[in-house]
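Note that subunit A is present in both complexes that follow, paired respectively with subunit B and with subunit C.
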Partner chain A sequence: MPEIQLLRASAAASGLRGAKAEGRGFLGVDPVTQNDALLARELTRQGAQVYRAGDTLVGYAPNHEQPRQAFLASTSADPEPIRAVLAFLSTYQRCTSFVAMVPAGAEAAKAFAGCGFEQTGVLRDHRYQSGGYQDVLVLAKGEVPCPS
Partner chain B sequence: MSFVTVRHFTEEDIPLRTELLRESHFQANLTDFAASTDDDGLAENQRRTIEEQHRTKRMFTLCGPQKRVMGFAWITSIDWRNQCCELSFGVLPRDRGIGAIAVIAANQYLRLELNMDIIVNQVLDHNKMLLSAEALADQRRVRCDFDSYTVGEWRAACYWTSTEQDVRDQQEQEAIRRREVADRIRAMAQQLS
Partner chain C sequence: MMLRGYRSGDHGLLNGPWPPGELLGLPLAEWPALAEPASVRPPTDDSEELCVVPGAGFVRYAEIDWVHRRARVEIGLRPGHTEALDLLMKSVTTHGFLGLNLHRLHGWVTPAANPATGALESAGFRREASVPGNTWFDGRPVEREIWAVVRDA
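Here is the complex of A and B:
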């Protein structure tokens, strides 16, 4: 499992900008329409934490309505960084339920599928990008038993 | 495809934009508040826009080939729900001949990425840097006398909105103009050879 390095919000913002197209829609933010200050502010507002694992950024934001659930995002098709964050969330945050909202066509969908996420729905025309409304896939990995 | 790209305005851009704010044409054509504001005040104002004013104002940097800065665009009076905003420009003196291309690129960005539907443009009546006198007269949907007092004179302003179709028409006209120029150059080259 790769080592994940926690980033400050400002470093996460510049990392997402560097991720180009795969940074769009990451935990609902968008480096094309939001500057670094706004990206950092939005991630902070969500209580999100973003990690670097090699060239991949992976992150989560807690669901404040359901504290055992976390929203996840990734910038690549590699499932390993997500596995590392799932292990962290399970071990340190006692999370048992995980949701990812991935823009249709994004590479990250493959990574989540590789970690056992299943598509539970589609939000039609949920976000605007490049001149059109785009679907967002809702992927979920439910009820992972708590280790303790 | 346009060679102009639009990116977010950053702290590194502040000195160059401050220099532009102090330039005489800029002050006559847009606003002369920089004449009575010190460097720290101008920098702080721009920093505040970068860090805090995202709901009401956004600034962008217009770049040419090799990411060279050509100028700046900023939107104000943003109505996110109704998808409209007012667009302003400042093009650096060295690039004013191709400023119109930068204007088109900014318009495209606002429509394709920020989902703006109606963009309000405003140009002071005497300003012919981005639009010819004919184009300005044609665009003069609303003329507002005594709109601004800049560099010791009252200026009238022309206001107009542009829709997606307007932008497409402009792009087509620009493409035709470029083809004509290319054809002329080719013809001249053939005559010389």
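Here is the complex of A and C:
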């Protein structure tokens, strides 16, 4: 896997814009309907961290009500960058459960399936894109024991 | 159960003993005596709509997204005002769909807190997804469900 590097919010926004269709729905943001400043503000508001590994962007946002849980997102079907983020979150943030909300039909669903995420539901008509409402899949990886 | 807009005099209705961010927050019988009540802040911009049921509680349309036309709903009812839930839920969906012209209303439901799912179902809400360990409740992380209602075409 190529080296993984942390991006600042503004760099993450332009990276998502470069990811084209796969950047839509990344942690709930949408580079088509939001400009870079708004993307950066929204990622900062969530406390999200975004990383680049080659052409892939992966990121997480903490669940503020339950700090042992994180919401994850990715822009490609490659599971390796997600594995790296999962290992980081379990070791350094002591996260024990992970959730991904992926637009139906997005490549990222395959990556999360490859990392042991299971589908726990479908949010009907959660997004409006290309002239119609689209579903969002909820994927979860539950209760990994805390390593320490 | 008529909804009206929030005024600063309604500040006392914005907190109570229910799980934070709950779709239908009803007072919990066994609320720890030392725990701070859950509370919401008065609105500061147009990303949310805060309504009150005079003297009884609040209804908050949070995270309103005008592109995807959806909002996350939070309701909090003070102790002693939990009757007529069906009527309240009907007002909530009517205002969301016809007043705000949204397409989808969703919210978090905590099964461990014995939610009034009958009132949600009668208003058209359906359980869509379950998220394990999503909130801290009664000394441990517990599952939370996402319930939602979608406006008919």
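The criterion applied here is as follows: the second predicted complex is superposed on the first by the 145 of 148 C-alpha atoms of A that agree within 3 Å, B and C clash if a C-alpha of one lies under 4 Å from a C-alpha of the other, contacts with A are read in each partner's own complex, and residues count from 1 in each chain.
Here, a contact is a pair of C-beta atoms (placed from the backbone, for glycine too) under 8 Å apart; a residue touches a chain by one contact, two chains touch by 3 or more.
If you're wondering where the values come from, they're calculated on a predicted model, not measured in any experiment.
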{"item": "First, second, both or neither for A:66, with subunit B first and subunit C second", "value": "second"}
{"item": "Touched partner set for A:120, first subunit B, second subunit C, both or neither", "value": "second"}
{"item": "Partner chain in contact with A:99 - subunit B first, subunit C second, else both or neither", "value": "second"}
{"item": "Which partner reaches more residues of subunit A (counting touched residues only), subunit B or subunit C", "value": "C"}
{"item": "First (subunit B), second (subunit C), both or neither touched by A:33", "value": "both"}
{"item": "Partner chain(s) touched by A:110 [first = subunit B, second = subunit C, both, neither]", "value": "neither"}
{"item": "First (subunit B), second (subunit C), both or neither touched by A:128", "value": "both"}
{"item": "First (subunit B), second (subunit C), both or neither touched by A:142", "value": "second"}
{"item": "Interface residues of subunit A shared between complexes with subunit B and subunit C", "value": "33, 128"}
{"item": "Interface residues, subunit C side, partner subunit A - complex", "value": "20-21, 67-70, 103-104, 106, 127-136, 141, 146, 148, 150"}
{"item": "In the complex with subunit A, residue positions of subunit B that touch it", "value": "8-10, 50-52, 54, 58, 111-115"}
{"item": "Contact footprint of subunit C on subunit A as seen in their complex", "value": "30, 33, 63, 65-66, 68-69, 96-97, 99, 120-128, 133, 138, 140, 142-143"}
{"item": "Subunit B contact footprint on subunit A (complex, rising order)", "value": "32-38, 41, 128-131"}
